[in-house]
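Note that chain A is present in both complexes that follow, paired respectively with chain B and with chain C.
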Partner chain A sequence: MDAALSTLVAHLLDGDSEAALAQARRVRASQPDGQRLLVEGLEAAMDGMSAKCTTEQFNLLEIMLTGRAAMAVAREAFPEGAIPCTRGTVVIATPQGDVHDLGKNITRMVLTTKGFRVVDCGKDCPVAEMVAAAAREQAFAVLASGLISPVVPLVRQLRGLLRERGLSNVVVVAGGAALKQCTAEALNVDYVARDAFDCVHFLEGLRR
Partner chain B sequence: MTGLERILAAVHFTPSDRVPVVPQIFGHAARIAGVPLDRYLTNATVLAQCQLAALERYRHDAVFALLDVNVETEALGSRLRFPRDGYPSVEHFAIEHPAAVAELAIPDPSKAGRMPVLLEAARLLRQRLENRVLVAGCVLGPMTLACQLLGAERALFAAVDEPEAFERLLDFAADVAVRFGQAQLEAGAHLCVVFDPSASPAVVPPALFRELLAPRLRRLCDALKRKSGAVTWLHIAGPVEPILPLYPDCRVDIANIDYCVDVKRARAAIPRLCLDGNIRSLAFVDSEPDEITAACLRVLEGAGPGFILSSGCEIPLEARPECVQALVDAAKERSSQL
Partner chain C sequence: MTAVVRARCGARSQTIQAAPGATLRRALEDTDLRVRTGCNGNGSCGLCRVRILSGAVSTPTSEEMLNLGPALVESGLRLACQAVPVGDVEIEVVNLAPASAWRPIPPEALCSPARPEVTSSVGSARISKIAVDVGTTNLCLALWSDEGQGRLAARRGPNPQSGFGSDVVTRLQAAHDPAAALEQAHAIELAVAEALRDVTVSDGLEVAARPTIVAVGNTAMLSLLQGSQGGLLDPETWAAPATWLSERQLRWHLGADREAVVHLMQPLGGFVGSDLITAALAANLLPGEFPALLLDFGTNTEIALWDGEILWVTSAAGGPAFEGSGMRCAVPADAGAIYRVWGGTPLRFEVMGGGEAKGVCGSGLVDWVARLRQAGALSSRGNLVDGTAEGALSLGGKGSDILLCKRDVDVFQRAKAAIGAGVQLLVRRAGISCQDLRRIVTTGLFGRSLDVANAQAIGLLPAIAPQRVESYDNLALAGCEIVLTSADGSRTIETLRRRTRLLNLGQCAEFEELFVQSLFLAPMGVEP
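And now, the complex of A and B:
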């Protein structure tokens, strides 16, 4: 990686939106290829944050700051519209009864900067709506993020509802403070992610 | 010994007849009584009756005059939405930016929102139980109230983008907690749980806790102790190990530890502070009673003196009563083995 991109990654990891954006503009001035900015800048920063989170304390604030800076750079790299989707579509939501969507929003940011197209069904979302979105958007995965325990029985329904729609091949991933206390078997899902990056790694593994 | 005496013995590391046991039963008391949660959260008499019925059933060592995490923010102008049988959530936050805290006044706990419900519940429980079991109230810690006033995402970004305004917001939140907490002690609570899940290292870096939150928690705990010599109980969920060494300086007497914290490591971090925890909350929903018993015995093996056997966080509404009973029985049976 060249020095200009390394500097960009460092600003992103610091969560410094202004510095990251200024550096992204400098990179763009000499290298107009937005894709390179995405792969060598944003994805590298997210990989760095992921590594940091596995070796140090994981905290939402630092990830939010990096995510916010990354989204600002992404808008600079692709001013004409959406960030290129290279890894497929996923549906994400915080299920009905739960309005704590911070973890969901962070996961959406990380997935977006890693090249996934993320269809965000919001918070307090009926599971039937998540399944309908998966069908409509041809998603390969449905992600449920839950902080409180009443969502557990709803998450258990997802796989059956997907099967009823002929979507047995759609992967179901759960995460969040309440859901990560459970096993995948207990939730009837394919995977329980420890955090946003663990979720990304699991999905990346499926798309290789 | 009474439940209160057992808990105070654990706080002071003095001998006791058995390990105190405090399942964190809040709304679960309504659920097992067949009472809709919205009634429990809005009616002091109903709350007190449900807590007493749960005490009669499980025979644990503390009851909670505790509604939900929205009491303070509602009293300060946030609009809540009450689902039919669940905890309320904030539909519209009281302020949109941290500087707007200047427009807010410290609420009068005898009048504002549902604060009087909590005070009356504390009064009723203490009147009925006197000093037989501990009667706990609850205030939100400064970080969590900041998040509840502004919305978590905005509050967290404000901590970085508008540090001075954010600190004023934290100061205000601590002032609210002091006033509300002291009112709870006056009403009859033996202590106030300072509930501050947003201060968790899972949410904010330990450095932010040390610089911004610890001094406010210390001011809050000092004020609660000054009021009646009350014991202070700090409840922060998640992986708190990096911030545990700061608790003594925050004037904390009881430190809650969640299921993800190793009890022995927590004990090593704060050897002279009473710990409570740390059975996984969801285990009360998805495990069998004998698994709860086994988990309790493992925890008690590593805990040593100065320990209150408890769930790591709230007992879920839908917890299986036989699992809650297994927690209480484990404390009693384990003590008879000692």
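And now, the complex of A and C:
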């Protein structure tokens, strides 16, 4: 990899937003194909973070710092908010009754920097609203984040509600501390993601 | 085929026939070698540890790998709620449930700024007034006479509802079933009766036929006492002021023909209970110097800030890390717990009860993390600079089971961060900064063992002059006693209530930013 790009990746993995931003500007100014390089840099950083998360080398603080730095670079690279979304649209929310949204926000950041268009329906969100958003935005996946166990029965309803709208082809993915203790069958979903990266791998597999 | 389980703990041993497929926890349930549990055996609390001495058990579950880690599992340590004997086995119970559930609370543990003197009396008298603090983990009672002898006894024991789950959400969810809701309410009534029996047997006290009880607790506990989950799982309910739970009276049968009238003190709203308001009373928050911060530490830490006009309150669900769950090395603050850590290399420590160390309790964890930070062995981000083979640091020398790895520190950081974010949001709402605080009062799970300087160094408490920080064991119960025994108490409570403003962290946009900042193991509010 290009040395300037390796430095950017290192700053991103360090969670150092300022240094990463400065380096991103340098890359863009000094290289003819700066834009493409930035996308590569972000992807490489996300892959690095994914590897560290799998081996439990990254704690919550490091995940959040890297996620934020990556978002800052993405916004810098694509100022008008037009982060390229070549990988399709997904809907994400924390279902009704649950106000924990840190995990959902991390997942949104990771998916965004990985090239997905993420429609965020927020927290404490009725499942019907998640399904309506999937229809409106032509999403290919609905993602639910749950930190407290009472959301389990709501997540179970998602597939049925999608089917009622003729959206049986939309996949449902669950994640978050309370949901990842359950199996996909128990939750009536297509996949239960260990973390945001596991979800990316699953979604990428679908698109292939 | 039944398996024979030979269990031992210290000098005690017992042989049990385990039913086919039964876990070790189940097998031990009816013996006096019961294991501790905090999750009704779903494998999430990690408390029910046993050591397999001989024979075979089922392969380790993912919960066991998560809570114990490969090294401990390899060494024979297992979770009793997960392991099922495959043939006859011999085991050692590592984490035993206490035999007598009720322990006396020493008089000095109920001293408070509002009542600094010890009001206990000895000799025979009749108990006619009872203050009860219904905590998620423990029940605490103060027993008073009518005839001016003051407090006759005090007791602390486990909340029997823990069989329905160690956290309030699991219990509230169980209470969807009306029978289970009533059972949880009844469990408290029975526990109080049991505590009274313990007092009559061991202290020779008599109990009046119609005692009066004042009970305080967190919102979920008060709701469950009425045999209902009170819509508490719905954010719309808990985001509103607690008008849904009016001042309620219950009747409890406390053995023989004894019946008590129970006054449930109304919570402040959201997940902020009436335990915080009695703690504020006992802390002398209103007449004292302000701005003053009060923290009642627990799985759900309740926080109040008195700015001279408004009593800002909130609750921060940091989780049970400080209470001995979720971290491999953590144990509750009971005999065998390391509660103080000091010195450099090697680190030195103090064990409750003086015996062999079983693990580290909340105050010990705060010390340990702070010492590691100071020694440069732990970074402010929570990275262990040079750990052992498994990337873990140990306390207690070579071969010690008491290990701290990055994942444990992460759990600790999350608990601390929820509290840190809560404190900083209250301070912001009041329009002041942490440095403006004239007084900090702490109570709850760390009791008087919290080392203030260490807590400040890692950002669990705002860094103001240490002499402005006071720690008490149980201000919630101390305040409840004041309400029970003086009319002034009730009047102050009404004033506090009128001045209260509830802040819901789930609705604060700045929560995430402050949470990330508070994840750092560094002084509060200082950008690392």
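Please note the rule applied: the second predicted complex is superposed on the first by the 200 of 208 C-alpha atoms of A that agree within 3 Å, B and C clash if a C-alpha of one lies under 4 Å from a C-alpha of the other, contacts with A are read in each partner's own complex, and residues count from 1 in each chain.
Throughout what follows, a contact is a pair of C-beta atoms (placed from the backbone, for glycine too) under 8 Å apart; a residue touches a chain by one contact, two chains touch by 3 or more.
Computed from a predicted model, the values in this text were never measured in an experiment.
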Clash or fit: how do chain B and chain C relate after the overlay on chain A? clash
In the superposed arrangement, which partner chain does A:A186 touch: chain B (first), chain C (second), both, or neither? first
Identify the partner contact of A:I92: answer first if only chain B is touched, second if only chain C is, both if each is, neither if none is. neither
Kindly classify A:E62 by the partners it touches after superposition: chain B alone (first), chain C alone (second), both, or neither? both
Is A:V155 in contact with chain B, with chain C, with both, or with neither (first, second, both, neither)? neither
For chain A, which residues belong to both interfaces, chain B and chain C? 57, 59-62, 64-65, 68, 97, 99-100, 102, 105, 148-150, 181
The chain C residues in contact with chain A across the complex are 44, 169-170, 173, 233-235, 381-383, 406-407, 409-410, 413-414, 506-507, 512, 515-516, 519-520
Mind pulling up the chain A residues that touch chain C in the complex? 56-57, 59-62, 64-65, 68, 97, 99-102, 105, 123-124, 148-150, 181
The answer for chain B against chain A in the complex is residues 83, 86-87, 89-90, 152-153, 156-157, 159-160, 201-206, 208, 237-239, 242, 259, 280-283, 285-286, 316-318
Would you mind writing out the residues of chain A in touch with chain B in their complex? 15, 57-62, 64-65, 68, 97, 99-100, 102, 105, 148-150, 152, 177-178, 181-182, 186
